[in-house]
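We just call them A, B, C, D and E in the order they show up, numbering each chain from 1.
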């Protein structure tokens, strides 16, 4: 991809992140959204803080070459949170798509002629790729989550009983889910 | 197709600006993963609580007794007359909002009704309607509303989404304690048979067998016997000999049964055994366990004051029967809130016991001279201070430890420095989490007060997010890999929490760390910790520990 | 269960309430027990000269409530703009001065104690005019 | 009209102009019903006899003031009518508007080391120089010291908060600070002029209060012609004439403050 | 538009119009506004305030449940937090004092921020604390200052307070800082409630009403002092009339005075029925006014009653065989 889009993203990074963050945060109820936006303490506001950090990282590395593994690590923290919050999968992972609209808006605002249409569609497909990765991450998080859930009782009680030899006959079937 | 569905404009449009409806007009939405199953009628029946029945929170019909409104109203009135805290807290909140963002559930879920002030308003609105003139006259303008089935459902959902951790109370200028309000609300709900099973069944079990899992006495002993074997293995041939229900022992030991039956609490239990063995060998320390009072934790506390008292009574009863001098309490959170703030008042005076004195150091535990029950952290800290324990902290060198203050010992008792003193004497690598997430400002594990069930896992993950987030911070900054705590619910709740948010961090009890570092009399070289894991550096060639290949 | 008649922590709460009532009613008992001073507002006694003049620089009502504002304006105008003559709405000229000369405030209202202090004391107003300006009568 | 002006300033000072804006209409509404709703129709003017000028200045003919005793009546005249507390014995707390100074202190920047013997012992009468570029005005945080259009550097004692920045800024030491209540140290108070209060700075005012009623400054009046006062911008004035005739110097000219007090030597 | 604050705003506007009309209507209505209503308001305030407190006092404190915000008193060599986790009466008094006078719990609002990568620092999130403290302190000062109207001769502490309050001698009449601060603080608290969505969400009409009312009181007060002057001597005469129980009306005092007095009366009468009772309630808050000496001194619950328990005998009865088999000692073989 040529440098125009990259330059543009770099130049308008703060604005784009700000807008994107606002969009993502507005997926929460308004009372909560204001808290997420306002509260600066990362320990009193892990959701807001994680969200903004992840969005930054994604923008920074959006156009990198070898990005798939990196992108997973950038998307993981935010989706890890959203996947246990009250969102359907489309919303939990779909926030990535807000980026398309925001970038277009920004391009219009800037009346930037540099970025050509084919560059833009290349960017779009990058974002599409990102969404797919986001869904992968989402699925992975849910999978982990259910594993934890399934293992909990076992880890908590069964394991101890088993170690104590108070449970017999199931050892062959034992499979480690962790 | 995707064009139609996922146009960003549309997504944005849909998600933007949800009209802000008045909270009173927003009915509760009981969501999967965010609530606990209804109580099993058998459990409710066993302890003789009213209106036992099978019901499902997701159903429209909760099979309430005919006169449920009257029951609630009368129960409300009775509690206002019995508890000044309740009455005052119903009246004086100014809704300043200081508590709003202090609740871990609000921080994690973002559900506005999880703000402590609003949680309390759920009850207050009905209070105004039923018990104040202004509310009766002005109605909704005065913030009053009638108790309807929707309001009741809201109560049930949100008062079983409070872990009674009291963090909000720390910041309230009037000390309004949402825990206190939640306790009252749960009492009211129990009057019409609305409880959750993760509370009701442990209550019944504790009542009958003495522990919340319903483990019968022989199994309890078996379990400890197994620890004896395990200790022999990991501690190089040490043969510990716990005693049970032994009359004439000096001291009775009571710990939550979670330590006996659930990982990683079991390692803490092994720690107790090793510590007691060490003290017996060295100083003739004389302590007994009980199978009757084998549960320190008190799920009655999450049901009603009366149930709490019924379960708690076993401690003094057993101490009296066995004729011990005083009671030593293990690591537990709400057990200690009950002991510290309720036990003596409810089931005392314990005049058949002696004022606690450490038989080893001679230290008088002045602060527990009436209740006659000493916390193991106080007891061990005193031993270490008097140099009565031979310790090798380097045996914990593979651990980088941080300490999670459990809500109840922190905000209902003030046990902050004792466990820190102990841990810092048995570990060389100790790191604190940020100031506003520890001590009296500690974040809840998200699973306290009976919410430690399996079905509400999302709720627990979100409630524990602020805690996990602070752990993650020290993990990333200092490489912390072990989260210590002095609470059995923590030891049950934090491992899955860590597994989801910070998979590299494990959970331990304080006494496990002590036992790791303790140089047992007559031990041969110990190369593993209590978990049977090799301690790097003590082995001729380092073997990589297992935990490392857990998938991300 | 509870008889609903008994008060708990009775002593300290009753003591607190008595303190509360004492505070609320302070002005009343302070008046009856300690001061007992007449409560009517002081009458302003006009000097002969003022009586003769019949009118002040502005109307009586205006002066009653706004005199401090007027003086504030005067002092600024005099010091900062060097304007010292006040032509009142009805055309008369006055020397814009609190205390100097016959045509000043005190030149007419010659008795400061009667004219100023009485009301100021009553309303607990302590203007700092007299820290610098000199009442000609008190002149040492 | 003037009163409006005054109120505006008051508001600015009090920092509650926002409240004032909101209060305006309500005030008017109430003004009709309660209190006094009188329209401000009074006018404030200068005295007819007031002396006006564009740049008041003073020329001191040191040739006519040879000894301390020549100066004494002048100083007394000033301090008397201005209620300057002259009985303060503690030198550090002394208050002075106009006083004698040795040549080397009055004119330290003169590079002539060998001043003639006469000048060396001559007492020079010094006072506030009413500079064209007064440093004291620049530093005053409350505008208590300000420069009038007619060149007089004046103090508004009402506004002085006693920060003493002006004292630090004045290169001539023309200002004094009231460390204590001055009244007990005044022999006979002069009711025409106010005293000062504790914590206020004071200095010579070029007898602004006398000019306002058409009188010459007290020192000039008491000097038997040794001190001449007049408008520097008026070519016909006495001061201009004098300066044309004789050689005059000013204090510390190098500082660029532009004193309005000239000394004929 | 939020109905909750609209209700309150409209209520206060209606009250204003009532008072304004009353002040204009004639001497009889001025008498009602200036004498009858203030007396009634005080009476309602005192009687119902006491009733409310007594009501609270009739409920016992069955358990000792202080919120502990620091280290407990324990082993002698561990430094305990005598203030945040008081183990003595003195500690409780100090804790309550700091809470009531300086709103210490609100002050606790620390925030953590990571500036550069690894340098965390703590900042205090103090706006609510500053606003609330300024509001209450200023309110108290203003009330105390008003005693100059209710005492004759004016007591020394009151004039002293006035002098301090008007320390910055700005303009004439001198500006009282407390009045301006009160007005600013009440405006801040009001705006905060309206603008922060989180706080707006939890606010009820009864939260806005006193704020609007106090705003009205402060505003009318400032107006009277600085802009639309009233006859202060007349005001004092009327105030002294109330105090000496020989009430009367002084004519020509100005309508705004009646508005001011009416607002204050409404506030007083409203007080005991509202959240404003936190003034009294804070003294009775069990989480703050109790000593944390739970394990050292037994607390008595007046309604403690015996409960049904599962005795050891019942327990042994059920599990005796298994216990014997496992080698556990039993009472009855």
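Everything below uses one rule, namely that a contact is a pair of C-beta atoms (placed from the backbone, for glycine too) under 8 Å apart; a residue touches a chain by one contact, two chains touch by 3 or more.
Nothing here was measured: the structure is a model prediction, and the numbers come from that model.
J.: If you take the chains that touch subunit D and keep only those that also touch subunit E, what is left?
T.: In this structure, the chains that contact subunit E and also subunit D are C.
J.: Centre to centre, using CA atoms, which chain is the farthest one from subunit C?
T.: Following the centroid criterion, the farthest chain would be A.
J.: Just list the two chains that share the greatest number of C-beta contact pairs.
T.: B-E
J.: Return the chain whose centre of C-alpha atoms lies at maximal distance from the corresponding centre of subunit E.
T.: Chain centre farthest from subunit E's centre: D.
J.: Can you name the chain whose C-alpha mean lies closest to the mean of all the C-alpha atoms?
T.: E
J.: Please compute the C-alpha centroid of subunit C, do the same for subunit D, then give the distance between them in whole Å.
T.: Once rounded, the distance between the two centres reads 33 Å.
J.: How many angstrom lie between the centres of subunit B and subunit C, each centre taken as the mean Cα position?
T.: 66
J.: Residues of subunit A touching 2+ other chains?
T.: Where subunit A meets two or more other chains at a single residue, that happens at 30-32, 35, 39, 41-44.
J.: Check each residue of subunit D and list the ones that touch at least two other chains.
T.: Touching at least two other chains: 10, 35-36.
J.: Which residues belonging to subunit E are in contact with no fewer than two other chains?
T.: Where subunit E meets two or more other chains at a single residue, that happens at 57-61, 111-112, 171, 196-198, 201, 229-231, 252, 284, 303.
J.: Okay, in this complex, where on subunit B does subunit A touch?
T.: 5-6, 8-9, 11-12, 15-18, 20, 31, 33-34, 100-102, 106-112, 213, 219, 222-223, 226-227, 230, 261-263, 266, 434, 436-437, 443, 454, 457-458, 461-462, 465-466, 469-470, 473, 492, 495-496, 499-501, 550
J.: What residues on subunit A touch subunit E, complex-wise?
T.: It comes out as residues 30-35, 39-44.
J.: Please name which positions on subunit D make contact with subunit C in the complex.
T.: Contacts found on subunit D: 2-3, 5-7, 9-10, 35-36, 38, 41-47, 50, 83, 146, 148, 150, 154, 156-158, 186, 188-197, 208, 211-213.
J.: Provide the residue numbers of subunit B that touch subunit E in the complex, in ascending order.
T.: 20, 23, 48, 80-89, 91-98, 100-101, 112, 115, 117-118, 121, 132-134, 141-143, 166, 169-177, 180, 207-210, 216-218, 221-222, 244-247, 291-292, 305-306, 309-310, 313-314, 317-318, 321, 339-342, 344-346, 348-349, 363, 365-371, 373, 378, 381-382, 385, 410-418, 421, 434-437, 439-441, 477
J.: Name, in rising order, each residue of subunit C that touches subunit D in their complex.
T.: Spelled out, the residues of subunit C in touch with subunit D are 57-59, 61-62, 64-66, 69-70, 72-73, 75-77, 79-89, 96, 99-101, 128, 131-136, 139-140.
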